[in-house]
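What follows is subunit A paired twice: with subunit B in the first complex and subunit C in the second.
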Partner chain A sequence: MNNIFAVASIVIKELYRRKDFYVLFILTALICLVMATVNIFNDKHIIRYLKEICLLLIWVASLVIAISTTARQIPAERENRTLLPLLAKPLSRTQLILGKFFGCWIACGLALICFYGFFGALSGSREHLWPLMNYMQAAFLHWIMLGVVVAGVLLGSLVFAAPSSNSTISFVVVAGILLVGRHLDKVALTMQEPSRSIVYSVYYAIPHLELFDLRDLIIHNWPLVPWKIFSLAILYALAYATALLIATCVMFRRKAVN
Partner chain B sequence: MRSARPSYLLLTALLVLCFGLAAYLGTWFQNWQGSRTQSADVLNTLLGDSRRMFANHFYTKADAYYHSGYYPTIFDNRNNFETPHMAEDTGAVNSKNHGEEEGFLGPPRDWIDAFSRNFFPDRHTHLDEGGPTEDLSTSTDVREILPWLKLSTELDPDNVQTYTVTAYWLRIRMHKDKEAEAVLREGLRNNPHSYDILYELGRLYDESYHDTSRARNVWELAVRYWLKLPPDEQKENTLVFEQITTHIGHLEETAGNLAQALNWFEAAQKVSLTPGELQKRIDEIKAKMADQSQLVVPKSVY
Partner chain C sequence: MARDFEPFESAMSAILKTEKLRVEFSSREFRQATKVALTGLDLEVNAGEIFGFLGPNGAGKTTTMNVLLGFVPPTSGAAYLFGIDVRQPIARQRIGYLPELTYYYKFLTAEELLRFYAKIFSLAPGETDKRIDQLLKLVELEHARKRPIKSYSKGMQQRVGLAQALINNPDLLILDEPTSGLDPLGRMKVREIIQRLKNEGKTVFFSSHELGEVETVCDRVAIIHQGELKAVGRVNEITGKHASLEKAFLEIIGYPTPSTP
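Up next is the complex of A and B:
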């Protein structure tokens, strides 16, 4: 475990040394503050449009951080020729992958704390409501979802030749799942065989990341998601993340690193 | 060694050519009808006519907010959302909706669908009825649709319905009569012959300012514009005519001008989908007229 967390701590340090997070956070804050100054029929209590813009920017920023940070981990070690010395130490390949995974995932979590903190402050200052449990649920499910994304991108970094191709393909896949993942079964119903079976298979095989998107519930002040459902969603995501990590570890063990 | 002189001459010639072309094309471009730079509106310059598409999107977005996020996507059955409910609830729009209002989602198709319904709004509510909390004291939350409506009017100033819907909710729920009037005035500047906007403006004068004479003038102007429509368009827009004429009839009845009131109610009855209701009012007015022995024969307006 010590080896895993040693690798993870290096990844976390990398996040706060790089400028990505600061740029995205300042950009999000600036856009939201500018939007907050818009006068809409002299009514200062209108807030939901601002919550929507802020949450959208948070989602985009978190995906950018998660995918771009994860995609460069293994290729960077290889390019800098630090991969072999790392593995020469008492560090197994599985520990390296797990260290990279936890590092990226925890780094995303730290970034989310800042983003949701800003969101809560912005929302509370206008709405004078503090549904902290709702925000906690949304942020936690968001972070759990990013775990699946990080595991997927880590696998992609072993499959694809360059970090750029891995990042692009990961963005397309994640955006595709978030936008149409929920509707694939409806699309399949309108198709003929064998397309129908193929689309249905994709529908059941993909990790449904859209389940973890509570933005509409937060924006429109809906009640909490039942805790039992919340726990099941976490289990669902952890199962996918574990499966992807196992695949990554198996592939990395068989891969030549020199 | 080759002299650099031909290169300098060529460079000078090219610069002169560029300057001449720029001077010629610049004047032509300024006079060109298709130039977007003639517009002072940034959105128009950036988006051109495609801004109407975005305007429709934001108008629908406002209706999605009216439902607190419970709204069909392009993959769902939209039969009951053809006419936005926020517009339908103003009472001045012909509804094209049919079908199940409460459950466009239908029964869950599979376990993923059933499970996913816990993570997005899955219940039909309206903001003016309290939204998800169903607490009527929060019905002013309908204000949340206004940013999208405002953006929609800026992107498509020719869409009359956006102005009337915005003004209605500003006036009815937010009690912002001045802002509602400003919206309608802006709508009239962009659509000077809109009977829909004039009808809403008349309601504002009548119901909010209690200025019946201005309301009457505005509504009568709305009727004149409606009567100038081609017959086909009149057939498609009978609801607003019925509303205008009924409102004027009511004003005249209240003012004691029973003959005029009778005239307006009869005009409304000709286009009404529920003529029986209006017949009752007509009979009541006739009874009053008989009591007062009024013998004035009204001049038909329709």
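Up next is the complex of A and C:
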């Protein structure tokens, strides 16, 4: 445990010493603030669009942070050869992978706190509504979803050696799941046999990340998600993240590092 | 952790041992032969010695160390540290390792880096502080301890490497070309450090291309060539009838110099 958190703390330290996060945060904040000032007529509907765009930006930014941070972890350790002195210590490879996972995931969580804090402040100042519990639910499920993404990208960084190709592929896969994942079963129905089964199995195999997207609920000020469903969603994500992490550890244990 | 006073198993026991160690690298490229890096290497390093590991470029020195540290699995044969198979992480609890050509996390300062490694060895916080102060003084980086490593020169990075290898006060040091990239003064300092470690009863296993340096500090040396052990013994035994260790080395690897009798 001690070792895992030592590795995780290095990942987090790196994130806040790099400028990526600040740039994304300031960019998101600026775009939203500019849009907020455009709303001079105080039209009620405009607030909705503002919230929608702000949340979309937050989702994109969070995925950029999660994927780019995670994708470079193991390749950078190999390339800079920092992996050697590290693994020469009594640190198992599983601990290293778990440390990287928790580091990236916690770093994403910290970024989300900033983003959702900003979002809450912005929409609250406009709407004079403070549905904190709803924001908390949305942010938490968002973070849980990022856990699956981080675990998947970590696995990808062992499969694809170059971090850039891993990032690109991860982006495409995650965006694909978020945008069309829920429609794959309907797509399958329109197909002929061999491809139909394939699309069906893809539909059942992929983690349905879109389930964790509570943006609509917040935009329309809908009520809370029932806690039972909320907990089931968390279990669902943890199952996927665990499976991906186990695959990563097994792969990494077999790899020669030199 | 008062490891300094822990007795060794026995005065002449091998604390580093390889048995018929063979390593093959299978090539990913199509129709390329597998590369044999080590062909059945038998090596024993006893407690308390300074052991020099010599060989031309590509002889397999780094590969041997990579096996000892569990980075590369042996194709056949076995390796042990303190009698423990190197495949178990616990075998690395009492060793310090300095890799060849390594960069450390550039965004950390030397102090933070050492603190991170100390945490992995589960050193107590008070002990960590004391140890970091000692080590930074030893490698003369006190003035730069709060600066990020990316601002260090090559020699300074090499000295950070030496400091991190010593963080857990190890009983066995595995150093891969510890003096490469250092100026003459830096080399002398490293030799002094190695000598001091020996006086503290530590074992040092290091590779080097600096034969003069090896001659002055080593108790025993091994020479490998193309993955095969060619000679092992005390420096004077190996030098034997030759004028210097360098001449003996060249002869052993098959390049006799004209002045050789």
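Points worth noting:
Operating definition for what follows: the second predicted complex is superposed on the first by the 251 of 258 C-alpha atoms of A that agree within 3 Å, B and C clash if a C-alpha of one lies under 4 Å from a C-alpha of the other, contacts with A are read in each partner's own complex, and residues count from 1 in each chain.
By definition in this document, a residue touches a chain if its C-beta (ideal position, glycine included) is under 8 Å from a C-beta of that chain, and two chains touch if they have at least 3 such contacts.
Every value quoted in this text rests on a predicted model; they were computed, and no experiment measured them.
With subunit A as the common reference, the superposed partners subunit B and subunit C fit together side by side. Within the superposed three-chain model, A:48 lies in touch with subunit B and out of touch with subunit C [touch as defined at top].
Using CA centres, the angle subtended at subunit A by subunit B and subunit C is 150 degrees, rounded to a multiple of 10.
In the superposition on chain A, contact of A:225 is made with subunit B only, not with subunit C.
In the superposition on chain A, A:82 makes contact with subunit C only, while subunit B stays out of contact range.
Of the two partner chains placed around the shared chain by superposition, subunit B is the only one that A:186 touches, whereas subunit C remains out of contact.
Once chain A of one complex is fitted onto chain A of the other, the partner contacts of A:125 are absent, as it touches neither subunit B nor subunit C. Taking subunit A as the reference, the larger set of touched residues comes from B, when subunit B and subunit C are compared.
Touch criterion met: A:233 reaches subunit B, while subunit C stays clear of it. In the superposition on chain A, A:164 contacts neither subunit B nor subunit C. Figure legend note: subunit B and subunit C, brought together by superposition on chain A, show a least Cα distance of 41 Å.
Applying the stated touch rule to the two superposed structures, the subunit B and subunit C interfaces on subunit A have no residue in common. Only residues 2-3, 6, 9-10, 13-14, 17-18, 80-82, 84-92, 256-258 of subunit A touch subunit C when the two sit together in their complex.
Those residues of subunit A that touch subunit B in the shared complex are 38, 40-43, 45-49, 180, 182-183, 185-187, 203-204, 208, 210-214, 216-217, 219-223, 225-226, 229, 232-233. Note for the complex: subunit C touches subunit A at residues 62-63, 66, 69-73, 89-90, 92-93, 95, 97-99, 101-108, 112, 116-117, 119-122, 161, 164-165, 168, 174.
By the touch rule above, subunit B contacts subunit A in their complex via residues 65, 68-69, 73, 75-76, 109-110, 112-113, 115-116, 118-121, 131-133, 140, 143-144, 146-148, 150, 170, 174, 176, 179.
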